[in-house]
Structure formats: structure tokens, C-alpha cells
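Next come two complexes, and both contain chain A; in the first it sits with chain B, in the second with chain C.
== the complex of A and B ==
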């Protein structure tokens, strides 16, 4: 067991130590990209907790949106600190996960049907945010009242502060990924993904295990959403909720490799850094070309690397000694 | 040990099981037979908690278990196998059985203890090598895995569903002997649902015959073979 913990946490610790030096050697612009990669990587990791066990949720945009809006709304209207606003957002996302998850799991809504139910959830969340425009700012989005550098308001104009927060959140997400992936819990979820009836027949409480992983995934996604809104100091329904965001989460986690701990983060690198690089290198020469190339690469990666970028690298490394 | 009374299951207006009642004594092997569509698998699923009955009662060691979910039925000491083996292909052979040891008992056990129970169960059913994956296991080995997984939950009552299906003659003999061993060595009571009657009749203490969801016979195997209704159901005409 001890060896297993070292084997799992060793690379993570090394990665965190390496990444901790980034703010000292780079510009604010690179840090801005790095913060986004870490925060989105955290959200993609949260999604992969469910995705790798066959629970393909297209509703994570809803959980992200709840997390993103709860804290700024409470801050603007009641002055409640995000230290309380964020947990409230997480609780609301958990509640929504239970409301959707319980009947779905009870009625054995699985596979495509589960994906469709959760897809609808994404859009309901987006439309609700837009409809409540008097409070949320609707499609125009909203800005949390800025107070400058403040731990109480969790607002930092300086990038390194948020970089540190993003790094801690990301490492926390990866620890949870390992926790879910360890021992009997993982085996139970694998068994459920394959055959719920057979899993129940050997004493596995299918409902409890599925709800547990769903709630964990939703809570982490909401936390990711709230950190993204705190960082950007701006929330918009199109960028932090809805079907497009849900699909972005799914694509990135799959492209990066949802079966590997660093896979979803690689997905973050791919979805955040690549469009940025393409945008800068193409400039205004070919308007729209960056998005086209990005989309084409995504398709190619998903077709030729079904286990994602990291999964592909892992399989190459595993095959190498045999040659 | 098990008292089933007035058990019924309807799918729409179709009665798959209709007012079936029987008792099971501790330590016996009860055969549950009948032609295709007779309701034996449904009866089995109702007892195992895979389906909720429309009416009737199932009492295990005095406690009502009808309508309990499958995992709870397993926790109180009833384990089942499946007619068509349903191994978890993503897990290794030992992982398959260790998982059953872990979750099958209501008490919490350590990983090492689950593994020990899994290895014992695999040994009991005759696996010599534990270090194999479930890929490439033949019909007989998959049936053994089903049995090992059920045994790892440490049941007091085993519901064995068509343990002989898809096996050759030697494998069938072996599987039937295995069920007898499980009863005598481990003291586990067994309900054995089977389509193939010959071997079953040799092993079971009593037999229940179902037809069109209703119990048409209950008694000793020898008596069943001579019963006019049973013969008619199986052969399509009564013996003269």
C-alpha cells in the first residue's frame, strides 16, 4: 500500500514542485495561460472521475455554471465572502447532482440516455441564467464588485496569487482522482460500468457508488467554476455554462486521456494553449483558421488516440521495452 | 430456512410467476425445473432481489426479504450465479472474486482478507492458477468463476442458475459434483435451477417443477420422473 501511494503521489509531487517555480521565471501572460490550463485541467479531471467509468455526463456545464455564479452573486448582493459563497455553490451543485443522479440511477438510465438527460440539464442551467437577467446580467454576464487585493474577497490583481491557488486546486483534484482510482472503490465502479446487475448480485450498492462519484465530480466542477469566475472577475453564461462548455469539457478530457491522471490536464493544455498558439501565429491573416485547425486536430486525436494523448504516450512507453 | 408463499410476478397482464409457494430446509439441495418460459428464472430473480414481486412473500431465516434490492439480499447471506456467466472483463480473475468478498459481506474486511477469501473460493471451485485474466476463459472456467464469486460472499444459501448449460458431459459431471461438495463441505443450502434434468435428479434432495408460472409438482426426484403432469410438460404427452 505504501509503495502504491509513493508510486502514485511521487510524479504528482514532482510536477507540483516543478510548476511552483513557473511564476519566478515567466511573464504575466504565460502565467495567465498557465492558470487557465490548471483550472480547466482541474475541471476536466473532475469530469473524468465519472467519464472513465462510463458515466458520460454532458451536464457538467451546469455544475460549472452554478459554481461560477453562486459566489459572485452572493458577494454582489449580500457581501458574503467567497470563502462561504464557494462552498454554497458547491452545495447547490451537489444538490442538483443528487436531483438528477438519483432518478437516473434508480431507473437505470445509462449510456446515451444518461448523456441526453445531462445534456438537457446543461441547457436548462444556461437558459435559467439568461432568463434571470435582472440578477445575473443575462447574456451580457456580470462582474463581481472589485475591491483590489483582498483575501477576504478572494481577489488578486497579481497573477502569482491566483497561480498558487490554481496549482493547489489542481493538485487537490489529482489527489481525489487517485483516491477514486484506488483499490476496491475503483474495482466496484469498473464492475458497475460493465454490468450493474452482476455488480449488485455480489453486494455492491450500485446506487450509492454511482451517486458518490457523481457528487464528487459535480462538487469539484463547481469549485473549478467558482475559481474561474474569481480569477476572471467576470462570469458569462456562454463561457462558463451550457452545452458548448459541457462539450468542451468532454472533448478535452477524452483528447487528453481520461484513464490517466495527467490526461485531463493534457486536455487542458491542448484546449487552452493550442488555440492560443494558433491565434498568435496566424494573427489576422486567416480569420477563423485557428479554430478550424484546432477542431480538425481534435477530431484526429480522438479518432487515432482513443485513450487520449497521455494514454497513447503510456501505451508507447509500455510497448518500448518489448522491442 | 426459506419460505416462499404466494409469490407472483406479472409483466403487464402476463403472469410470469403465479402463486408459487415452497419451503426450503437448511442443508438441502432443491432442484427448480421446468421447460423454457415456465417461470423458473423469474422465480429465481425474485428471490435474489433482481426483480420486485407483484405479490407474495419471501422469508429468509424468518425475515421478510421480498422487494429488497439485490445487494441487500446478498448481504444477508443469499448469493447467486448467472445462467450466462457475467464476469467483469476489465478485472482480473482474483479481482473479480475479491470484489465479491469485499462487498458481499455486510462487515467491513481488509483487502488482504478479501484476497485470502477470493483465493480460497477459487481453490474450492478448482482453479489451479490465480494469475489469469478473464479473457479467453472457456465456458466451464467461466461457470467456475461465477461459482467462486458467489462463494466469496460467504452465503448460507446459494442460488445456482443453470450451472450445466454449455458444458460437455465430463464438465457437467464435475459441476454437479462441485455443487454437492459445496453443500457437504461448506454447509451451504442450494436452490439449483436447471434445464438439463438427468444429472440434477441424481443430486437434488427434492424437486419443484414449474409450468406456465405455476408449481405443478413438489417432491422427491424419483416421484417427479413418474408424475404424469411433469412427463406431459417435458415430453408433450403423458406416459401410458
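== the complex of A and C ==
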């Protein structure tokens, strides 16, 4: 067990140490991209906690949106520090996860149906934010009141601060991934994914296992959402909730490889760096060209590499010694 | 009758007419859902493609509207068949969720391609049908037309499914996919035909929607989600259920929009969907 922990934490520690030096050697622009990759990588990892057990949620846009809006709203209207606002957002997301998860799991809403129920959920979140435009600014989005450099308000105009926060959050997300992967729940969830009835018949508490992983995933997603809004200092319903965001999360996690610990992060690298590179190389003459290539690549990925980039690399590495 | 009641009545009537459009949209998706057991997340984007085809053929190339409509229906039917051949059939054997996601990727692809080709401008076909005035109530002619076409489309589809060999084979495959192969039905051909018919229905929906809405690359997002909900609510492949569900959803949207706001009305519709999924997971009309 101890060896296992070292074997698992080793690469993660190395990655964090290596990435810690990035702010000293790069420009603000690269740092800006890196922060986004880490934060989104964190969100994608949170999704993959459910996704790899066959719980394909298209509702993570809702959890992300709640996290993203809770702390700026509380900050603007009551002056409550994000240090409390973020936990409140996480709590609300967990509550929503329970409200939607409990009946889903009780009534065995699985597969397509689970995906569609959660899809409706993310659309409900998006439309509620837009409808409450007097408070949330509707489709125009809103900005938390800026106070300059402040630990109390969790606002840092200098990028290295947020880079550090993003790196810590990302490493925390991967640790949770390992915890779930090492825990007893993993075998139970894999059994449930294979055959729910059989799993229940050998004494697995299906409801508890599913709810636990759902709540964990929703909480982490909400945390990711709140960090994204603190970093960008701007929240918008279309970029942080709704069906498009939910699909983006699912795609990135799958493209990267949802069965591997670094997979979702690779998905983040792919989905954030690729459009950026395409945008720079194609210029602004072709609005939409980058996304067109991106969309086509997604389809190709799902057809030819269903286990994602990292999954593909792993299977290659595993196949190599046999030759 | 007081003033308010008239507005409410107008909302209800418009709701019924909106239901016709939604029912038509759900019809094609339902067919594909029922026969191939695949959710085309990009279904509404196919409708968007049809709307663009119509716009360019009619406004840019000056084709007469009926000919342009016909071309759009055939064009989208072709797109449907192409989608099946290129995206769905290579992954028919893999996890159902992968098929759902692959068509989700197509949603991004089609949306961005439309942005690339046509920009994000709202385009209007410039054809406005008159508004019918019944006393104090205003009814849009284009909605009435959509409603009527949806009814005719549903009946035509019903006849096709119950009276022709191909239609019966489609329904049989929806019931038992293994056995039908053994009975000598060419599954691939049936799937391809179903996709083309589903595409044609999307094209038909495009013809009617273009009369009421401006076309832009993201229009699919305003119809897509509600269309899936209707199909599932009605029960997969259950055409009558889909029809009933379309009218219930459209009434929630219309009346909710009258009392609150349009966003809240959609929220109510989606919440209604979620709750009903818990109460009647097999669909509204399931026994």
C-alpha cells in the first residue's frame, strides 16, 4: 500500500515541482494560458470521477455555474469574502447534486436517460441565471467589484499568484482522483457500471457509492467554477453553464482520456492550447475556423481513440515491450 | 371577457401552434431514436443547415421558394445519410454514450462551420406571411402553416411506417434488432434510409422555421435541448407520445411566458421534464 502511494504521488510531485518554475521563465501570456489549462484540467478531472464509472453527466455546467456565480454575487451584494462565498457555492452545488442524484439513482435513471436528465439540469441553470438578470446581469455577465491586490477578496492582478492557486487546486484534484481510485468505492462503482442489479445483489450499496462520487465530483466542479470566476474577474452564463459548457467538459475529459489520472488535464491542454494555436496561426480572418477543426477532431477522437490521448499512449507503451 | 383573458387565450393558441413546430422537430429525431437507438445531439444543427440552404438558394440565387424548400429537404436528407455513414456507422458497436458524444462533436463542427462560412449575422429570408386577426387575437400565419404541416407530416410518417415494406421493417428493427438480421432484412440499408428520412424531416422543419426565425449559427441551441426532452417524454419511438409531449411542453412555455418571462417558462419546462423522468421514465403514454 505504501509503495503504491509513493508510486502514485511520485509523478504528481514531480509534475507540480516542474510546473512551479513556469512563472519564472515565461511571459504573462503563457501564464494566462497555463492557468486556464490547470483550472479547466481540474474541472475535467472532477467530471472524470463520474465519467469513468459510466455516469455520463451532461449537467456539470450547472455545478460549474453555481460555483462561478455564488462567490461574486455574495461579494458584490453582501461584501462576503470569497473565502466563505466559495464554500457556500460548493455547498449549494452539493445540495443540487443530491436533489438530482438521489431520485436518479433511486429510480435507476441510467445511460442515455441520465445524460438527458442532467442535460436538462444544465439548461435550467443557464436559463435561471439569464432570467435573474436584475441580480446576475443576465447574458451580459457580471464582474466582481475589483479592489486590486487582496487576499481577503481573493483578487490578484499579478498572474503568478493565481498560477500558484491554480497549481495547488489542480494537484488537489489529482490527489482526490487517486483517493477515489485507491478506495474501496472504486471496485464497487466498477461493478455497478458493469451490472447494477448484480452489484446490489452482492451487498454493494449502489445508492451510497453513486451519491458519494457524484457529490465529490459536483463539489470539485463548483470549486473549479469559483476559481475560474475569481481569476477572470468576469462571469458569463454562456461560458460557465449550460449545454455547451457541459459538452465541452465531457469532450475534453474524453479526448484526454478519462481513465488516466493525467488524461483530463491532457484534455485541457488540447482544448485550450489547440484553439489558441489555431487562432494565432489562422489569424482573425477565419472566425470559426479554429472551432471547426476542433469539432472535427473531437468526432475523429471519439471514433478512433475512445480512450483518449493518454489512453492511446498508454496502450502503445503497454504494447511496446511485447514486440 | 377581460383584457387579460384575451392575452392568455392568445398565449394558449400560440402555444398550440408552437407545439406543432416542436412536434415536427421531434418527429424526425424520434424516428432515428426509435429505429437506430442513437441520439443525434446535432439534430437541431441539421435544421440550421437546412435554413441556411434555403436562405442562400432563395435570397442569393433567387430560386423560387417552393423549389428552394424542396432542395433544402433533399439536401438535409443527404446530410442525414452522410452523418450516419461517416459518424454513426463506424461506432454502432461501441458504447451508446460514444454515439451521443460523436454527434455532440458534430454539433460543434456544424456550428463553427456555419460561423466560418456565413459569419454570426442574423439572416432573414425576407418573406413575411400575414398575421391573422380574430377579434383581438393575433395568430401568426407561418405558425399555423407549421402546425398544419406537422400534422400532415405525422400522418404521412404514420402511413409510411404502417403501410410500406420499408416502414414495417423499420418498426420491426426498433423492436428487435438481432432477429431482424436473421429474417433477412438488410439492417444497414434500413439504418441509412431511416437517417435520410430523419434528415428530410429536419429539412421540412427548417422550411417552416425559416418563416418565423432569423437564421444564425447558434439557432440550433434554442431548439435542440427542448426537442430531446420532448422525444424522451413521449417515449422513444412513440410518435403519438411525442406529439402529446410537444403540446404539453409548448403550453408550459407559452403560459409560463405569459405569467413570468420566456426564460422562466423554459426553466419550468425543463424542470417538468426532470420530474416526469422520475415519475414516468418510459414516457408519458407508457402502460
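Heads up, the rule we're going with is that the second predicted complex is superposed on the first by the 321 of 323 C-alpha atoms of A that agree within 3 Å, B and C clash if a C-alpha of one lies under 4 Å from a C-alpha of the other, contacts with A are read in each partner's own complex, and residues count from 1 in each chain.
Operating definition for what follows: a contact is a pair of C-beta atoms (placed from the backbone, for glycine too) under 8 Å apart; a residue touches a chain by one contact, two chains touch by 3 or more.
Everything numeric in this text was worked out from a predicted model, so none of it was measured.
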{"item": "Greater residue coverage of chain A in the superposed arrangement, chain B or chain C", "value": "C"}
{"item": "First (chain B), second (chain C), both or neither touched by A:206", "value": "first"}
{"item": "Partner chain(s) touched by A:27 [first = chain B, second = chain C, both, neither]", "value": "neither"}
{"item": "Chain A positions touched by chain B in one structure and by chain C in the second", "value": "none"}
{"item": "Residues of chain C touching chain A in the complex", "value": "39, 41, 87, 90-91, 94-98, 100-102, 104-117, 119-120, 217, 221, 224-225, 228-229, 232, 260-261, 263-264, 266-267, 270-271, 273-274, 277-278, 281"}
{"item": "Complex contacts: residues of chain B adjacent to chain A", "value": "48-50, 69-71, 74-75, 79-80, 82, 86, 88-91, 95, 98-100, 102-105, 111, 114, 149-150, 152-153"}
{"item": "For the chain A and chain C complex, residues of the former touching the latter", "value": "54, 56, 100, 103-104, 107-109, 111-113, 115-117, 119-121, 123-124, 127-128, 130-131, 243-244, 247, 250-251, 254, 286-292, 294-296, 298-299, 301-303, 306"}
{"item": "Footprint of chain B on chain A - complex, ascending", "value": "1, 183-184, 187-188, 190-191, 193-195, 197-206"}
